[in-house]
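The next part holds the structures, each set out as structure tokens.
Each of the next two complexes has chain A plus one more chain, namely chain B in the first and chain C in the second.
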Partner chain A sequence: MDATEELVGKEVTVELKNDLAIRGTLHSVDQYLNIKLENTRVVDQVKYPHMLSVRNCFIRGSVVRYVQLPPDGVDIEILHDATRREARGS
Partner chain B sequence: MASTSLEPLVDQTISVITNDGRNIVGVLKGFDQATNLILDESHERVYSTKVGVEPIVLGLYIIRGDNIAVVGELDEELDASLDLTSLRAHPLKPVQH
Partner chain C sequence: MASTGEEDSAVKEPLDLIRLSLDERIYVKLRADRELRGKLHAYDQHLNMILGDVEEVTTTVEIDDETYEEIVRTSKRQIPFLFVRGDGVILVSPPLRTS
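Our next item is the complex of A and B:
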């Protein structure tokens, strides 16, 4: 799970299972894939003004559909190696 | 892997989005690893496309963790600058697993 820790500090967009999409800076992730984002804005603020006064939030892992990553924000080779190591069980 | 805790939000005003699409605002008093929450002075904000945001006073509540989607730190300054009576929006959709 060190693969996700490499993303801390990057801008990500989290799409939830209720179709809400929240963009922010990744602050932390945990074993349940709960996500803490800072500097958050909802992607469609007109359709979803429900979080206008929220700037930092905790998103429960169970409700995440996707986490959109910056295309150049991740070193694919490092991710690949980390995944191979995880699969091997080390 | 690090733990992402709700500890810094204790005694802060938070905005919770539940799995059934409700928005509940209150002061976080306690939580646990299952994300069960204890919310004091809470009220629900009901959004509608016809009228402004309607508050429903709830009081001291326990919200079960498996019904929680988002816990947001409410910025009191930002919230005060909002005119909730003129906000029109569709209610949030329920979570579909």
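Our next item is the complex of A and C:
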């Protein structure tokens, strides 16, 4: 989705299917929606101390459940138009 | 599907039904006993979606060891702007008013 270009550099929270939530700066996204995050910290560090020293990570796209985005991150009209175009093409 | 190059707003396939709900509030049932209600801003053929003003409801069922009764609990969360990965989606619908 082209909207991802606008989101690079923004603070996001990636919630994985195993309930782990990681907050960080979106560095990059690829065609599989794999995500690279920088400056990461786990949201519930008491419950998930595994990654206390991890500051940058690569997340496989298939393990993502949600990505919480900044409310002013993307222009909604651009999203609507891109969706309508893609919906017709597929 | 043959394309005439013109805007075709006819409903031909299931994804077209979702297209009718763009910019409307919808209900999404997800795996792991989760439900979402929010405004649909974008989606694709994988059912990846971007929703706004989302309420997530997570349902858990506990079974009492002695009485074997089922205790159903729900917890809710508000998320202003959310990308949902399509492989977790079970169904999409206009919102159901049950309460």
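The definition used in the following text is that the second predicted complex is superposed on the first by the 89 of 90 C-alpha atoms of A that agree within 3 Å, B and C clash if a C-alpha of one lies under 4 Å from a C-alpha of the other, contacts with A are read in each partner's own complex, and residues count from 1 in each chain.
Quick note on the criterion: contacts are C-beta pairs under 8 Å (C-beta built on N, C-alpha and C of every residue); 3 or more make two chains touch, one makes a residue touch a chain.
Just so it is clear, the structure is predicted and the values come from calculations on it, not from any experiment.
Judged by the touch definition given at the top, the superposed model places A:5 against chain B, while chain C stays out of reach.
Once the two complexes are laid over each other on the shared chain, residue contacts for A:28 go to chain B alone; chain C is not touched. Between chain B and chain C, B contacts the larger number of chain A residues. In the overlay built on the shared chain, the residue A:83 is in contact with chain C alone; chain B does not reach it. Of the two partner chains, chain B is the only one that A:36 touches; chain C does not reach it.
When the shared chain is aligned, chain B and chain C each come close enough to touch A:62.
Of the two partner chains, chain B is the only one touched by A:20; chain C is not. Residue contacts after overlaying the shared chain place A:50 against chain B, while chain C stays out of touching range.
Residues common to the contacts of chain A with chain B and with chain C across the two structures: 1, 17, 62. Across the interface of their complex, chain A is touched by residues 1-4, 6, 9, 15, 17, 19, 21, 23, 35, 45, 47, 65-66, 68-76, 78-79, 82, 87, 89-90, 92-97 of chain B.
Considering their complex, residues 3, 7-8, 15-16, 18-19, 22-23, 30, 32, 41-45, 48, 50, 52, 79-85, 87-88 of chain C touch chain A. Contacts from chain A toward chain C in the complex involve residues 1, 3, 17, 33, 61-62, 64-71, 73-74, 76, 79-80, 82-84, 86-88, 90. Of all residues in chain A, those touching chain B in their complex are 1-2, 4-5, 16-20, 22, 27-31, 34-36, 40, 47-60, 62-63.
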